[in-house]
Structures are given as structure tokens and as C-alpha cells.
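Got some structures for you, see below.
Shared between the two complexes below is subunit A, which has subunit B as its partner in the first and subunit C in the second.
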Partner chain A sequence: MAETAKSARHHVVVGSGVAGFQAAETLRERDPDSRITILTLSRLLFYKRYDLPKVFRGSRDWREFLVHPAEFYRDRRIGMRRASHVANVDSRRKVITLDHKEEIRFDTLLVASGGRAYLPEELAEFRPLMHNFGSYEDAITMAKALPERGHAIMLGGDMIGLDLARTLIDTQHRVTLVAGPHTFWPHEVGESERPALVATLEKMGIEVIEGADTGGIASIEQGARGFSARRVLFKDGTEIAGDVVMPFFGLMPSVEFMLGSGVDIERGLLVSPGLRTTDESIYAAGDVCQIWSDAERRYRFYYGWKNVRAMGDLAARNITGSSDPWVPAQDEKLHISGDGRIQSPFWEYE
Partner chain B sequence: MGEIRPPSEAPGAPAAEQREYISDDPRDIGWVKQNVPCQSACPAGTNVPVYIREIIERQYGRSYETNREANVLPGVLGRICSRPCESQCRHGWPGNGEPVAICHLKRVAADLKDAGHRITERLYSPTGKRVAIVGAGPAGVAAAHDLSLLGHDVVILEREELAGGMLRYGIPEFRLPRGTLDVELHNALRLGVQLRTGVEIGTAKGQTPLAALLHDYDAVLLATGCMAASPLPLQGEWEKRDPGKELADVEYGLDFLVQMHRGEKKRVGKRVAVVGAGFTALDCARVAARLGAEEVTIHIRTAEEYIPVTQEEIFEAKREGVRIKGLRTPVGLATDDKGRLTGIEFVQNRLGGWRAGGRRQAIPIEGSEFVEPCDTLIIAIGQQTVNDFLGTKLELDRWGNVRVGENGMTSQAGLFAAGDYVRGASTVVEAVGHGRHTARRIDAWLMHHERRRQVVRIVPVDKPLRERAFDFIPRQHMPTAPLAERMRGVGREVETGMDEQTAFEEAKRCYLCNLRYQIDIDRCIFCRACIEVAPRNCIKLVRGVEIGDDGAYGRLLETKEWNQVGAIWIDNNECIRCGQCYNACPVQCISISRCELTEVEV
Partner chain C sequence: MATDIQISIVGSAGDGTIAAGEILRSALAGMGYKVISFDVYPPEIRGFGKCIARMRITTEQAYSLKNKSDVLISLDDSHAIPHAGEVRECGAVIYERGSIVQLPEGGHISAHIGPGQLPYPVPIRELSEKSTGANRSRNIVVLGFLAGLLSLPAEAFRKAIGRKFKSKAAAAEASEAAFKAGLDLAAQTFKLDDVMFGPPVSTVVAGATVEMINGNAAVVRGALDAGIDTFFGYPITPATSIMERLASEMPKRGARLLQTEDEISAISATIGAGFAGARAATSTSGPGLALMAEMLGLGVIAEVPSVVFVSQRGGPSTGMPTKTEQSDLHMAVYGGHGDAPRIVIAPTNVDGCYRCGGKAFEMAEAYQTPVIVLLDLYLSNRYETVVFPSRPPFEADCNRKPGKLQAGEQYKRFALTGDLISPRAIPGEKGGMHVITGLEHNELGRPNDQAQMHEAMSRKRHEKLKAALRHPDFTHYKRFGDEGQVDVGLISWGSTFGECLEAMYKARGEGIRCAAMKVVMLSPFPTHGVAAFMNDCKQVLVPELNYQGQFANLLQAHVAKPVTRLNRVPGEPMKVEDILEEIRRLAGRGKTAQKAA
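And then the complex of A and B:
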């Protein structure tokens, strides 16, 4: 491993999730004299997004979700710029422009902006009638909208949604899942494995409707006064009513601000096994990047808390002089355990 | 870079002391070309800031006419233009937000003008010259219109039953309603242009030979477009074979659309794969979704970011269920024992450098082949010109397109060519622009001199036409038809048009880049008030300005040393025409003038 670089370089990290936070921590360890700035859209310091289902168990104070207090960042001289919207990145000038036109120069940039909930374009017009669950604010809004023992309709059913569904069932709510190709995302489930997994969901208490059997969703409507708040109408003429409708169709990399920056993008930022983009001063880590896999001969995403954290650490090490390749930190297999429960490495976090 | 002159030699006196005047000073012409990026980017040269300003003034008819001066099909291009202007719009430059919806506003002018709107045309007296145009597509129609205005007798010969070319036969109705197309084609040709449809040019029996046209007319213009689909290069057993001819489940995208628009009933399978990255590929995919395909995918060599279609089109296609899969190149086809298509074999790509023309290279990765199942393949990777109808040998370029000189003429005297037939498959607005350009060249050749020349009309403006608050208006969205309604058939227009209020909000976002702010340094007291209020680094202390070889202004020579300051200079490249400096100036030494490219008689 190369010697840790010592400089007064300005490392900028975009994103304060698992990858961004881990990268900042590693950068500070390995480059003690540098300036480190985290730019994040979030109004909160780094918090445990994976713990958000706890809002249904009574945890609603934002302080309970923080990983570290503000002093942690102050002591480590990590600048945390919250509610900062990056408008674009000029890789040639090494300048980030924020939405309010402020320009921030960087020596190295780590993009760890993660992903936001993907909503299939055919459902985009119904967005105002759905509840997201991607942030603390979303979770609180959703918790307020779902009454005690209320009925949540979950569309898609990725592993983030199914994790929430487990909590909702535990807390005496009713959950209906409209299943489809995104169910169990990011796991790729074969045709032969799927029936057993769906049956397991049903055993957990989740009511499953196969979306394909209904011809797909025709529309989502607001319920009339005195009735359930939402109705999901299917193309075969059937419908279901519930209190909230929640889309869980996986994540879409947040790369908009990188368009025009000069680095390569397909769905995510395309990075080498060392997590470097096509610009030598820009790295990416977490759900935002597609990493070149020599073994599979393609760019691919790696998901899961452990993977994302390892990516943040690796990117920071490579920024500070190492040249290590990416090695996945967790397997990706979804399976049913001996006690009949679904086990996913995606749900394993500290 | 040419000579350096002190900025005191800025052309013209302060606008407040001027009347409207015409300038042929290359610095003024260069100023407009540099500072009005939308107009410079438009192949037809549409005067964008003026027509948007007219929308703000709710003069929709006048706005339509401003459009029509450059492009005879504003209602058509307001729907299907590829929008090269928007990618250059100053409002979309880094830090300025999103570009103005220039194309949607063009449609606004067409949609909201009065029903009894009066078209204005500047007619020349008859010349007695006769011009035949082969092809009634956008290039042919634009050229026919301009040539008829210039007093020539024009005949268009069209192979299909109706005029419009790719507009009618290549673009689905859900993007371009035929009523709009018919009205604008009619208006373009109503000045006496004869349209003869069902006429094929060629040497076979029943066809009209090109030689006969050259004999009967003073000039002939070929504008037959690119109407032959490009074959898909495959490898292995499919190398040098044409799956479009051999397999019933494989079609060429252009043929698919043309046949449908000629009235043939088209069918697709359940899993449709479209290979290609342009508007034709997207149109084929969206048609397939409407014809009942359960899964429609578009397969591209690079990534969504690099394909030459608008983000709105991509979004609408996805909304209709079309999925785009990137970084793959087709290399083979999979079939069952009955010869039915079962899948496409792709090789995984990685991104390479940039190709000439601004497209990304895709580099195949050895050993990464995979098969994507499908039962219908539509190939839409491009189009080519066809020259076998000519019956004569013309010089061609390396792509097989006919070569023309600067005067628009082919290697045969009196035979001109325009549009995609010359430039290869391009966009409708490029075809319109090239049609216009070639019409001017034909006119000059027929009349032995140029009859019009480009100048700049400079009009003093007595106050800023924008407010700073306009800069914070978000881009307004084009309303669209509900998904269920649009998917019932291919005829329901998807984009439904902006209403007056939405259009007004969007029009206000335009910076009106044709406004030139200047400081009269003889009156400036160097108080810096303008610099203090400027929202950007747009007012600069300079010691001089470089003048380019073409006479246009070049780089500003900035200085921070007061003893070197020659002037306080408004950098019109940075200026967003907010008017803050004008309002703050205590001695009114800042003037505003509107600079418009126009033409006058020679």
C-alpha cells in the first residue's frame, strides 16, 4: 500500500450517507492536514436510514437516529454543509456550483450521493398521491398519514420496502403488496425461486397481489371523504383501498448534477475497480456508482450497507494514495432460513 | 486573433441618442452570432428572442410570423424539433438553471394565434424562371416556399400520395398531428407552387427521367432525403446477411413507420426490441407499445446521456412502458428451429472517447456476449440516401451522399441538392434550414447575383425588458395526455400544448440575449454602482478588447489596476439582461439596444 498522502488538499464529499460518511472518516485518518467538506441535501447529520421503520415503534425524535452528534464532526474538522444542493460540477476547473450559485473548489471529489426511490415513469403522474420512505422527513410524514392498524399499499416491494413491511406487520398494520419485477430488488430472483419467496411473504402476513394478474395499475386516486384515503385501480377493473400508497421500485442513482461534468455515466457514474471515474480527481462510492467487474465483464451496481461502507472506505484510501481494487464486502444471496423467514444480506447492518 | 483596439471604438453611439438603424459592421453581426446562442444554433436561424418577447406581449400572430420568416413550419417544428437551440440557451449554462422551453414556445405561437390570422409574405415580382424540386419533405417544401417568394415558378414532384416526406411518413401522429402538418404545408405552397404527387423520378417505364427535368426547367433541386434504412452489421453466421429480408419478425424502423403511415396494418410480438438511439428508434418503440406489445425495450450502444433525442421524449417513452438498456451492441440473432426470432445476441460495451460530431464511442468488451430474449426486432440505426434514380453520375462523398459546392450545386450544372439527401440523416430543422439556404443559392445562380444580404437592425430600447425575479421562475412543463388515453391508438397527441398563463411564465424566463447593454465611457463616472448591484461577474474593468479576424469582439482584457482601466465594460457573455446595472447607474450612461439579424435588398 502506498504511503498516506499528507497535504492541505480540499477533499469534497457529496452525500452524507453511509458511503460519504465513511469516506470522510477515512480521509481524515489518512490525510490529517486536509480540508474535508461534506455537502448533503439532508437537513440532518448522518443518520441511520436503515432504522427509519422504527418511527412505527414510537421513535420519532430525530436525535435518536443520529450516528454522531455535531461535536464529532467539529473534533475531526469535517465541514458538514447541510441542505446544500449541488447544481453542477466542472471537472476541468475543479469547481462545484451550488444551487444558490456559490462555487466551491476541490482538489478531489467523492460522489456518494446515493440513490433516490425510483418511480416507474408510467406512475409519475400519481406521485402526489404516494408516500416515499427515503428520508427521516418522509418517514415522519408517512407515519402521520398511516393510522393505527391502518392499511399500507406497497407497490413494487424492493428490499427497503419489505424491511418496512416487516415492521408494519409487527406493529399491527395491514400491508398489501402489489408485486412485480421489482419485488425483492436488488436481488435477482429466478422464476423458480420466486413462488417460495412470495409464499414466505404471505406467511409473514403480507397480502400479495401479483401485479401482472391485474394487467397493471391503471390509476391511483384519492378516496372520497369518509372512505379510505387512497384507491389503486387496476387495468382488469379491480381495485384496492388503503390509507397510504408507497412505491418501492428500487433506487435510481442521483447523478443529475454530474451530467455535463465530463465524467462517464450510464445509469450511475461509471468507475474503475479502484472507484475512480473517468476524471482522475473524481471518485464515486455507494449506490451512485457502477463498478467495472473484470470477472463479469460489465459495469454493475453493488448494494447493501456493508458494501456501501466498504466502498466509501476504499474510495477514501485510493484518493489518499492507495490503488486497491474493489472487493465486495457481502454476498448477494436471498434465501429462506430454517425457521421459514426470508434472510437477505441487504438487511444486515450494524 | 486579430488586432487589439481600445474599447472606446465600440461601434455606434449610445442607444439613447440613436434612432433605429441598420448596420453591416462585422462587429455587430459578430456580436449577434456570439451573444444570441439560440439563434446561432438554429439551422434555420430563427430569431428566438424576438418571438419569445412577442409571446410576452401576447402578440401570438406576430410571434408566429417571426418564426415563419426563418421556418415555414412553426407549428410542426414547435412539436418535433430536436431543439439545438435549447442545448445552447444561456439560461441552461452552468449555474443558470434550465434552458428556456424555446420549442414549446414556438408551438405556443402557432397554437394561440388568432383563428383568422393573416400570413404575411414578402413577394418579389415574377422572374420567369422555372425550378423543379424533387421531394416534398421539409427541405423541399422550405426551398419551394422561398423560391416562390423570390418570384420563380416552382413545381414539386413527390413520389408518395401526399406531401410531407419524413414528417408525414416517418413521424407518428401522436407526436405530430396531421391537421397541423396539412395546414402548414398548404400555407407554404399556396403561393403558386405546383405539387405533383405520385410522380417517381427514374429511368424505368412510367417514371420521369431526371434528364427531362433538367431539360425542361432552369434549375432542379434534389431533396429526396434519406429514405433507405441502414442495415444492421452483425457477426458470425449473420455476417453479410439481411435479417430484415430473411426473418418475418425483423423489420427496419423506417419501413415500419412508412408502411404504417401509408395505411398498412402493422403487428408486433409480445416482446419487442428496438435497436437504435435516435428519434426513429424511440418512435418505433412507442408505436410498438401502442400496438399491444407487452414489453418494449430500446437497446443502445452508449448511455441515455449521449443519445441524440430530447430528455422529454425519453421520459414520455418510459412513461409508456418503454425501457432503455445501454452499453450493448448487437452481434447476432437467435432463432428457433422454425426460423422464428427468439432473441438478440449482444456484446457488452464500455464507453470510449468522443467521436467527431459529439457522440460517444462504444468499445465492445471481448467475451462479454449475452442474449436478450425477444420475438420482434426493429432496426432503427440510421438511414441512407438512394441514388439509383438519378440515371446520371454525380460526385458523391465518402458516405455516398451527393457532393455539392458552396453554391449548392452538384457536379452537374443546374442540378442542386438540399437537406438529408446532401447531409445524410439529420433533423427536420436542419433540413428546413438547408432547404432555405439552398433556395438562396439557386436564386443567386438563376439571377446571376445575390438579391439579399445579412445585416443587423439595431433598435434603441428605453428600459430593461426583464426583471431580476424572472430568473427564478422554474422551467414550465408541457402538459401531456393521460397515459390510458394516449395508449388507445397512435393518433392521440401526447403533448397537449401550454395554456396562455404557462406560456407567459415560461417566456419571461428568456434572457432576451439580443439586448445589448453598453456603457458610454465618456459619461461614466467610475462610481462602481453597476458593479455593486450586478448579480454576476458581468461588469468588468478592462484595458481593451480583442477584435477577431472576422471583426467581432473577442476576449476582454481585464485588469485590476486602476491606472490601466480603459473602460468599465459589460461582458454580454456573462450578462443575464436583468437590468440591475441600468437602474443603478446615477448618470444614465448605460444604454440598451436590441440587435436583430435581418436581411435587406442588395
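And then the complex of A and C:
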């Protein structure tokens, strides 16, 4: 734990993703005497999630993914409580309880707990037969399961999945995408734009199955011995076999531990344009929060590395005295670049 | 790939910390690794006090424990938290995931895991309860987890568990289930640390046997191999296990052991047995040695062979009975009344305990005097893998027997011979009748306090010991490291020498010309060899675990060249890093010098 004067404020950040990390860095710059503690489920220090497809290009050591080494945290006196599960937040007492019953007092709290892969209910029973790709550990486990030139079946296919698909094709794997409404998540793609985007995917080498998606899947099964490890059976009687099946249906905000805290929650934590929740000492940033948009007259999510980092920075500035509003990027459209790639303006690429 | 891994298990008394350590090192030694291990345990009863089982597992020979562990297992966070910082970068911290009580901030070890270390929260209690119905097997759950995490063969652990609980079927069964629970969890755990075991390397020569053994057990084995006949003792930490082991082994060989009412009686009986011609010994720690001081004087003046095993602990008085220290050297060498020279030898590792344990009997007999074998708690309790030769390297009889007497000649028990060692008749031996008392005497043993006689006998008692400096097949002192002139030379004794060697090799790795000398024979002092070494050293550093610099005092009494003392009394082994830092400083490469460079 960082040693600071007793009077120093204790800023607690839940989450060591890009929002949480960026916030901690900005908090340290702007409040040098404070105590800063990051609480995170992760066992690793902050790493570049968007680089994870690199596990297929030979990078397997987690140290290659770290944004900063351990000294960075020591030098800046940022306490990193890894493998720590926040179970509950008591906003009145300003106390966080971890699931091992440790209580941590905070002066300000930034919730940057992101989201976890969403899995439609009808597929939930097949979870054990699917591989996630949300963390370094997931990525390595999946990479070990996918043989050289192996076949990956992606269900849904959001931007995270499409990034991975591109790398898999580049590294001589076969990719089948069972496409659906989530295919370009978090982008909303109109009927008219979709065919061109799907064609681009096919040009990249991805085999796209349109129209099946979740509703069309009857079951996912273990492959027979000596054959591919997995089979996806469709309701129309067809099936495909592959080595791994991966669900990519966007993210669901991680808010469970905030349920009793008294702050307003819709799907994510509802925050003002200044990223403050309904409790004045609690802020939120990143995939976990829905920000009030004056223009759209609704709370909405903003995803992608660049957006989320900016949110972390903004929340920290506002915690330390500023009162700036979130300014969303004007351009949220997907583009097809000259070299035939699908590009998002707020997405960071490997 | 060479293996060099240190594992620490920290818990509270009653958590099974020491037992887990025992099983772990037994499993690892069984696989063929070299293991050095040292347990720290409190004097208190169950439920109180910190226990640490710490071991270093290597393929190459290691000489001490490392400053940093590669893996820390916490069975009790309140005790383990101060040790979290001892885990190296990219090392693993394995701990109880949950807690049954509300904790204040910082009350859980996860708060103390540094950003470079890797956390492994494990539901230890839950797994123990689920697999065995009780939480007593938490220590075995973590062993299962560790075995799985480090891909160590489960079979070696199962065998070690079987050995540990061979007479307790229920405990063995519960342990098997708990071990499996930990192992299964490890199979689902993503390994992030970089702690890796390479294959073990066997360097054992044909006929020899390898055993995981601690210093006290090695002393016992040496004594048994040297043919100990009688033992008299009174228990005291950390020497008690010498007597305990002998108590179970000696009767099997027709030898006898008696627990006496106190240490005075123990040494008295030992000297009595020695007088009667037996290979006799006692064992004790500092406070016991203090009580024995008077009778040791009798052993000296009566020139009776006897062996005293002394395991030092933190003093003075009751002091720190479960902490290590090297602060009884003055008493061992000088303690007592009158001019009472004796032989004092101090092994520096467990193998040395075996050798000194046996050689002490040879020396006692050959030079007709008490021999003190000086261990310390760290060495007594330290486990190492030791290679035992196929035949014990000890002489069965070193007694100088009286020749045939000429007609009318009277046997002189204290004859002033050329080397001042007299032929020794055993009571009852034909023609060997003589008198022995605690009084100064003439060659026949009859009381005599004439100035000339006292001078002659005093000289005899001192000078005869010089022969011990040439005692065969014994390492009196030994030099390691760079040959010729060096910038820094370390001289040390006892258990601390391991840390010195380790520091010396590290210093050499940093380009410092460095050597180290261990001195095993402390009295009589091997002045010649030590002085020659000191002549080669620009600077001499003497690290030891006492406040006064007792060995440095002894050394300076024999060699005038000034030395730098490094004295610590933490109750724990000296830190290699402390010695290394001092070497750097003496070599002009201190921290400040390094930074400037």
C-alpha cells in the first residue's frame, strides 16, 4: 500500500482496463499526495487487450502485452490490488467490500469495471464448449485449442471478433462467421451498408453464413474422436465442424457489485456528461457507463479504446476539480479503407 | 535447464506449515533435487506464533537460502504478510482466497502483493472441507496446488505423504483427498509466474546414498558411524533432537543412552564413560554448556576424551530459544576456569555435521580431551541433501595404547612424551593402573602443585592439541573462490559460511576478485593457514551472527592484520545481500560508487 499522509485523499478505482488505468495515471498527476488504489479481478497489470490476437503471431508471454512494467506502479505509488473482487459498495459509509470480506474506505470512487462478453440465453447451455477471447488467459487457452491451419467458428462476430478473425486469416487459419445483428457491434449498421461490409469480410477470406445467428443454432456439440473438436448444428439441419467455437455478441456492463450502492443503473451505470453518478463521490468511465447525451436525449454507451481512455482521463480530471463534459467523437461510422479493411474511427487496432 | 527455486510456506503454529515443508522437501529430494531447507517455529503452543518452512531446491550445489523466494504460500496472512516482499518479481504468491472474518484494509495478503508478483488466490479452506470434511488439511491442499502449478510429479508427493503418515491411516487418507483437490484446482488455473523446474541431475557416485537430513540428524549419523557407545543428555532446544534420535538408534546397536537430571550430571557421566574407555558424548545448547563448564575443566585436566555437541541459539540466558545465533563461541573456546584448552570444531553445512559428528570422537580419543562440536539452530534444523559414502570415513580406535612396561617400570598416565600425548590405559587394563583426579598432578597422576609441574602440565595440555591441526582426513579450513591476490577475502565459520560462499560467488559474478575461507577448527586455531589466506586479501571481511564479533576476536588474537566485522543478531540466518553489499563496499563498488558509474 502506498504510504501517504493521513489527510491525503484515497482515490479508489475499480478496474484496471484502459479506463481505470488512465484515470489512475491522471489522478496521480493531478493529486500527487493522494493515495490511489486500483482494484481489479485481473491477475495481470494493465495490458493491451487489442493486441491479444498477437498470440497467433507468436507472442505468448504476458509480459509482451503489458503497457507498463511493475516499476511504473511503484514509482507512481499506484496500489494495484489484483485478483481482488469487489463485492459491494456502500456509498453512504464510503466503504468497498471485497469478496474476501476486506473493507476499503474511499474518498472518491471511480467505477471502471468494463463489461464482459454477452452470451444470448439460448446459447448459455453450450458455454463449456465455447472459447472466450476477453482476457490474456482466454487468448492463450483458445490459441492452444486451435491447431495450426485450424478452423475457428465465430458466432455473432462483433468488432472484437472481427479483429481476431483478420489475424486468424493472416496466420493461415480458417474462419467461419455465423453473422447476425451483432456482427459489427458496437457500430449500428444500416440495412443498406451491410452488404458492402459483409462482402469486405468475405474478400478478407472469412466464410460468412448470414441469417443463422443465435436463433438458427440448434446446438453445439463435441466433435467425434478423430474429427474436428466441435460441431455447430443449425435448425435447418445443416452443420459445420470446427476446432473452436467462439461467441462474439458484444459486451454486458459489469455492474453487479454496484446494485446495492444506491447509484442509478440502467444497463450500465448512469452518469452525467461529467461522468459523475448519482452519488457525488462516485464516478464511472469506460464500457460500464452510460453517459447522458444532450444531443440524443438519452443515456448511451461509447466503446472502443480511444473513447474509453478519454473517459478515464476525463473522470480523473473531474474528480480532481475540473468540471468538463464528455465530448463524443463526431464520426462513429465504419469505413472500408483503401486496402479493403473495415475501420472504426474510435477503435484501436493491433 | 538448471533449477534454483526457493519456496516458503508461512503459517501459524497448528496450521501444518512445518509438516507441509517436510512433505515438500521429502518429495523434491526423492525426485533427485538438492534441497537446503530451514524451518522457523515458535516456542508457543498450537494457535500461536509464526511458523516458516523455507527451502531452496537446486540442481547445482547451493550453500544457503536465497534472500528472495520464488513462491510464497500463506496459510495465515497475519504471519505471511511481512514476508510478501520476499517474493521475487514474477514469482508466485499462493493464499487463501476467502476469509471467515471481516478484515480491515490491508488485513488480507492480496493487499501486500507487489505489482511484479503474481497472485494465486485459492479457496484452500473450502477445498479442505469439501475433500476431507475438515479444514485441517489446508496444508496438503496447497501442496497439491503447488505440485499442479509447477508440474511436479504427483506420485513423488503421494509417496512423501505416505511416509509422513505411515502410521496414521485416517490422516493419510484425508491427505490424499486434500492433495487431489489442490491438484485438480491447479489444472484449471492459468499459470502466470515463471517458476520452472528443470529435470533433476544426479551426481551420486556408485555405492553412496543420498539423504535429506538436517544438521542434528547428520551429527547423530556421524556419531553412530563413529561407534558411539554411550550418551548422557538433558533436553534443550535446539539440541534435543540429537538425543531423541540417538535414543531410538543407539539401543538397536547395543549402545546406551541415559537422560540425566541436568546438564552437570550429563557431562559428568560423559566424562566418566570416557574415562572408562567408551566413546561417550552429550549434547546441549548455550545455557547447558554454561552448566557444563566446571566439569569440562575436569575433562581437560584429567585428559579424558569426551564429545559435547552444542547447538547455539539466541542468548544470553533463556534468550531466544527458537532463534539462531552464533554467540557461544567465546564460551566454547574459552569458557571455564583455569587454563582449560579444548578442541572446538564447527561444521559449516549438514555434510560437515556428519563429518564433525564422527571425527569428534577420533579427536577426543587421539588428543585425550573434550571436543566441542559447535552447531547453531540454523544448522541443526537445516535440511540438506547429503551424499553418504558407502563406508563410514571414521577410525574405530584412535587411542594411543601403552606399550609393554619394563620390569619395575610404573605406568605414567600423564607421561611427558615428545608430542606431549601420553599413552592411555583404560581402567582395568593390565599394568595400566593409575590415579586420576581434578587436581594438578605429576606424570603418574598423583597430586602435585609444584610450580615446575604445573608449568609442564599446563604446557602439555595446550601444546598436545597442536597435533589436532594435522588430524587426518579432516578439513580444518578451506579456501574457495579466486586464487592468489584478491580484493576481498571472507572468513567465516559455522552456518554463516553458506551465506558467505553465496555472496562471494555473486561478487565474483560482478567482477570483484574475491575468495572465502571457512574455518572449521576453531580451537586450536589454524593460524598458519588463515594468516596465509589473509595475506592474499586486500580486505578481510568476517560475517557472523553475534554482536561482539566473537570469531573476529578469536581471529585477531591469532592474526594481527585488521579485519572488517559484519555482525548481525536478527535471530535468523544472515542475508546474502548484506554480505554482498559489504563486499562491494570494501571493493570500492558500494551502491554510491555503482550509481556514479
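To be clear about the criterion, the second predicted complex is superposed on the first by the 331 of 350 C-alpha atoms of A that agree within 3 Å, B and C clash if a C-alpha of one lies under 4 Å from a C-alpha of the other, contacts with A are read in each partner's own complex, and residues count from 1 in each chain.
Rule of thumb we're sticking to: contacts are C-beta pairs under 8 Å (C-beta built on N, C-alpha and C of every residue); 3 or more make two chains touch, one makes a residue touch a chain.
Here the structure is a predicted model, which means the values were calculated and not measured.
In the superposition on chain A, A:Tyr47 makes contact with neither subunit B nor subunit C. Of the two partner chains placed by superposition, A:Phe249 touches none, neither subunit B nor subunit C. By the document's definition of touching, neither partner reaches A:Tyr303: not subunit B, not subunit C. In the superposition on chain A, contact of A:Asn88 is made with subunit B only, not with subunit C. Of the two partner chains, subunit B is the only one touched by A:Leu270; subunit C is not. When the shared chain is aligned, subunit B and subunit C each come close enough to touch A:Lys101. Legend: residue contacts after superposition of the two complexes on their common chain; A:Glu121 is shown touching subunit B, with no touch to subunit C. Contacts of A:Trp62 after superposition on the shared chain: subunit C is touched, whereas subunit B is not. In the superposition on chain A, contact of A:Ala218 is made with subunit B only, not with subunit C.
Put simply, subunit A uses residues 101, 103 to touch subunit B in one complex and subunit C in the other.
Listed in rising order, the residues of subunit A touching subunit B in the complex are 87-88, 90, 97, 101, 103, 120-122, 124-125, 218-219, 259-260, 264-267, 270, 278, 292, 297-299. Interface residues of subunit B, counted against subunit A in their complex, comprise 94-95, 303-305, 315-316, 318-321, 326-327, 348, 350-351, 365-368, 482-484.
Subunit A contributes residues 1, 43-45, 62, 69-70, 72-74, 79-84, 98-105, 137, 140-141 to its touches with subunit C in the complex.
In the complex of the two chains, the subunit C residues touching subunit A come out as 89, 96-108, 110-116, 118-121, 190, 192.
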